[in-house]
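Paired with chain B in one complex and with chain C in the other, chain A is shared by the two complexes that follow.
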Partner chain A sequence: MKSFLTRKNVVLLGGIVLLVVLLGVADATLNNYYLRILQLMGIYIVLTASLNLTNGFTGDFSLGHAAFMAIGGYVSALLTMPLAARALQLADLPAWFQEFAMPFPLATVLGGLLAALVALPVGLVVLRLRGHYLAVMTLGLLIVVKSLASNWEPVTRGARGLSGLDSATTLWWAFGWAVVTVFVVWRLVHSPFGRSMIAVRDDSVAAASRGIYVFQIRLIAFIMSAFFGGVGGALLAHQLTAITPPTYSFDLTFLIVIMLVIGGSGSVTGSVIGAIIMTIVPVILRDLERRFELPGVSQIIIAAALIAFMIFRRQGLMGSREMHPSTWFMKKPATPVSVDAPQQ
Partner chain B sequence: MTINYIMQQLVNGLALGSIYALLAIGLTMVYGILRLINFAHGDLMMLGAYVSSIFISATILPILFAVVIPTLLMALMGLIVERTAYRPLRGAPEVAMLITSLGVSRLLQNSTVLVLSPQPRAFRLPGDLTQTMNVGGIRFTQLDVLTFLLVIALMVLLTLYINRSKTGMAMRASSENLRAARLIGINVNWAIGAAFVLGSALAGTAGFLWASRYGIIDPFMGFLPGVKAFVAAVIGGIGSIRGAVAGGVILGVAEIGFVGFLPPEFSGYRDAFVFSLLLIVLLVRPNGLFGKSEVERA
Partner chain C sequence: MRNIQLLALGVSAAMLLAGCSAAAADDEIVVGAVYSITGSQASIDQPGYNGFKLAAKQINESGGINGKQIRVAFSDAASETTTLTNVVSELIENDGAVALGGTNDSTLALVAGPIAQAAGIPFVASGATLPTLPEQVGDSMFMACYGDDLQAEAIADYSTEELGAQTAWALVDQAYDFTTALNKFFQERFTASGGEIVLEDSYKSGDTDYSAQIARLQALKTQPDVLFVAAIPNEAGIITQQIRAAGLMQPIVSGDGYDTPLVAEVAGANSKDVYFSTHVSLESTDAVVQDFVTAYTEEYGTAPENAFAALGFDTMNLIADALKRATDDTDPAAVRDALASTQNLVAVTGTISFPEGSRKPSKAVTIMRIVDEVTTFVETIQP
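This part shows the complex of A and B:
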């Protein structure tokens, strides 16, 4: 049996310890405003890393991530809502539904599972399409879910939304899920399954002729991505403590896509970096926007930066390379696992 | 439900459908050549509506200006967008262009927010155009008539241009096979530019029509109609102008029919209905009603 204390594991453990220490310090010293930004960062890492499974690695460009977030958000909100708020807001629902409030962690998982469950039939139909048609259809899914949220009054309370949730998304939950997501995505991508995903992306006809079940791979990637999308939505709902249809708008999908594109779709660490950068930059820009009273400027700058990225650095900051902290301090760097990726 | 009511819904659907058709023509021309879903197309319509609103409020000028000037300005705008944002991406993967067009869309929306205001503003046409006429129990306005006539006229002109002119021939050739067109010496960039100019001009016209139909404009009004127009283009068969027009009309009539003939509690789902329609069309006839088949090759 190989020793557990390989260089890779030591670095991994060290990294997690470092993260825990940093989060502990942040939790103790920062005020609420900064804590919320950090929580958002964790949530965005969950979302970006999971969107990477479809958009980055399998090559199915989805614009529907916010749809799965909405499902996760609404389901978890319905499950955790405190009894007092429940009696007020969900009076139309059956009596048994009035009498329980599920703990937040379980509701998060269930939100993710339901998003994944919805992704199964949706994927079966939508994934027959590829490329642009898929992009438009997933955008359509978002619009369908949003009209459902706005119109299904007894359950979602329409435009008023659900409010009075516990503020349960702490820094620990946000980053805990971020670590879990990144870990799962990393292991998935660096497995035979992940190789199949990349093969499907690079040349689906060749992949099929080598015996890869292309459709199955794409479907599983779609469902996995939806699960973490649902979890991210649940986390976001419990950070905002309220949930209305406009929360899960096209803007949100677009933001996640930007994070992925800037970080480098096709790189797990790249998606994390993209999420971190694109959490901080808009905060700074919005601050400037407010100071100089120029509404819309932050969005203009971000959109212009996106266009510039597409023209000058299409592959994003990381391209399809990964950061390997475990190789940083070696004399002779081990050849990183690299797969020929098309210039994205 | 009387025959009158049905006819009424049909008229309303045709009016909405003609606007979709105008937008869909631009999208289908660009997609045919570049394989690009131009998400910014609807935002050109929004800009057209704003330009139009300036001329509406200036009462001295004839209403014609409110149609012609946005059309011309948006033609120019389309060319600028193509040259600055899309041209550097020639030969890039489709997804890169798609993301860029999302960026352009955001850029246009928020520039409007910055320069004007995020608040919606009223768009009030002079009285004659919105006066209701009543023919055999069916109500419509002069605007509806104007919309039909305008759309038909533009469509005929455009079809003639594309079928008869040299640029039109270059556009058709590029749409059929971009690489081969370039090989035989067609100036592909010219053809692409022409597609953007013509499409964006129609979007400018559509801006006037949309704004006068709904009476209110805001910086984010264009995105959803733009996406729906793409749906219309796909339903009709992407790459075909006739298909875009047919798809637009079908979508408009179906959407109005969905709202008009089902109980009112369904009307909130009209956007969801549009995409369900798209899904069904794509699954049953993946190439739309007038489209040619496209096979995935190694």
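This part shows the complex of A and C:
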């Protein structure tokens, strides 16, 4: 029987212990502002790593991640909203709905599940397309969800949104979900299922002729991605303590796509790095904006940097390679696990 | 390959460290300004922030507060909730702001407020008029402007008393807290003083064609005396234009959503007989108003763009007044208590007092009239 204490597992456990210690130190020493930024980082890791399942590994370029985030966000917000805020904002809903407030962790999972449930019929339709057509269809999904949020007055309060939520997203929840997401995505990608995903991405005809159920693989990846998108949306809503339709805009979808592209779509660790960089860079740039009193300049800098990135390092920082902590301590260089970058 | 990994790791670590910055000094009081000078709020927040800075400058030039200078800490909130929450947290934690002021939007104020509330820092909303804002956020939340209840009641009273209206038609934008609240309070007051709402109709912000609503209005057997429109600035002009173009000439009455050059610009010659309530008339001959307009013009080379400049100015003065009276100007709780006991503070947008137990000022409402593209001051109504 194989021992549990393989080199890989030791590194994995060591990594988690190290992360817990670091987070504990951060939680004890940093002020609320830095904790807020760190929480945001955790949330972005959840979102980027999950988007990677469709955009990076299966090659289905989705622009609908913000739609699943909105679903997860609204569902969890409606479930956890404190009673006092309910009475003020949801007076039009049935009485039983005024009288309960669900714990945040459960609401987060339910938010993710509903996003996944919506992804099923949506996936059945939009995954009949590929490439640009799929991108446009998922963008359409975002528009549909946004209009629903803006117009379903009694439930979402339209453009006014829902506010007064508990600020339930802590450092531990944000990074806890980040670890779970990265772990699930990693295991999925490095399984026979993951091989199928990559095969579908690289040549779906060849994959089909080898007996891979192409549509099924793409659908499952889409649904998994939607689940974590919903979870990320729930975390974000409880970080901001409010949820309004404009938060889940194209800008947010693009931000997550940018994180993925910078880190390297097709690399799990790349998506984590991309999320970290794109959380911190805007904060530093905002700091510079303040110091030199040049509001708005950071957006121009980020845009210019992105263009430069696309010209000089199209495949992202990591390409489709992975960062293998377990190999850092070995003599021989690590061998690439994955194949070439997706052709997007 | 390994180099790239280490590089990526190094870059991430360096960025984490670079995030840290400096905090507050001793002989100054830090007041945070929460405004969005980029994005959708920019047209009202930039004047607001300018007014805020102007007030701080005047206070510092006349010796500061308790011998200390005021430093206005500011970072652009970009009209967007994620940035806004980061900014509010940064102003409190890193800059050590003892009080915050700003935001001209109720939805954004509902996002920013709870962070200040959790940290125990008083927050004065300068132009967010949602009447329930202080209750929804908590005892650290104050308003420098009046609530929509006050302005809706003022315009309802003006309709019944001065315009002699007994019947009214109401058109409401369903998309905003502001417009739905304005409508609710207008109808309550109008019917309480014996008036009758003959028809209520609605639309959603972004609509451009109001012919269906106007047709239903024209189909009424007897035409109402006034047309009440609860709109935000974007639609104020279009609605006015279409109502007048349909040949309906009754007075149009509304709230501060109509305090925008768009009414005259879009409706042109059709901008007739429109009455609206707002925070201040910058053409008022009142010395406080004129001093403000002169100082603002000198500082920024342009006259105050709208009433939000005056509200920003008043917000800073409201905080400064509380800092002067506070038992300890470094203790946010003491500043909060001093704010709550503000009485008869002379401000550009009217004298500000917080009634016992309320953090929403009772102050005068200004009624303005638009005739043939020209906006003129009509009167101020004391509550």
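As a working rule, the second predicted complex is superposed on the first by the 332 of 344 C-alpha atoms of A that agree within 3 Å, B and C clash if a C-alpha of one lies under 4 Å from a C-alpha of the other, contacts with A are read in each partner's own complex, and residues count from 1 in each chain.
In this section, a residue touches a chain if its C-beta (ideal position, glycine included) is under 8 Å from a C-beta of that chain, and two chains touch if they have at least 3 such contacts.
Just so it is clear, the model here is predicted, and its values are computed rather than measured.
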| chain A as common anchor, with chain B and chain C clashing or fitting | fit
| Partner chain in contact with A:28 - chain B first, chain C second, else both or neither | neither
| For A:257, is the partner it touches chain B (first), chain C (second), both, or none of the two (neither)? | first
| message | After the superposition on A, what does A:151 contact: first (chain B), second (chain C), both or neither? | response | both
| query | When the two structures are overlaid on chain A, which partner does A:163 contact: first (chain B), second (chain C), both, or neither? | reply | second
| chain B, chain C and vertex chain A (Cα centres) - angle in steps of 10° | 70
| request: Applying the touch criterion given at the start, work out whether A:40 contacts chain B, chain C, both or neither, answering first, second, both or neither. | output: second
| task | Please indicate which partner A:281 is in contact with in the superposed arrangement: first for chain B, second for chain C, both, or neither. | result | second
| Of the partners chain B and chain C, which touch A:5 in the superposed model: first, second, both, neither? | neither
| task | Answer with first, second, both or neither: which of chain B and chain C does A:140 touch in the superposed model? | result | first
| With the two complexes overlaid on chain A, what is the closest approach of chain B to chain C, counting only CA atoms, in Å? | 5
| chain B and chain C contact sites that coincide on chain A, given as residue numbers | 150-151, 295-296, 299
| task | Would you pull the chain B residues touching chain A in the complex into a rising list? | result | 31, 35, 37, 85, 88-89, 92-100, 102-104, 106-107, 109-114, 117-118, 223, 227, 230-231, 234, 265, 268-272, 274-276, 278-279, 282-283, 286, 296-298
| task | Would you tell me which residues of chain A are touching chain C in their complex? | result | 31-34, 36-37, 40, 85, 88, 150-151, 153, 158-161, 163-164, 167, 236, 239-242, 244, 246-247, 251, 273, 276-277, 280-281, 283-284, 286-287, 289-290, 295-296, 299, 317-318, 321, 323, 328, 333-334, 336
| field | Residue ranges of chain A in contact with chain B within the complex | value | 61, 125-126, 128-133, 135-137, 139-141, 143-144, 147-148, 150-151, 203-206, 250, 254, 257, 261, 294-297, 299-300, 302-304, 306-307, 310-311, 314, 342-344
| message | Touching residues of chain C toward chain A in the complex: what are they? | response | 1-2, 4-5, 8-9, 11-12, 15-16, 18-21, 37-38, 74-76, 80-83, 85-86, 89-90, 92-94, 107, 110-111, 114-115, 118-119, 132, 136, 174-177, 204-205
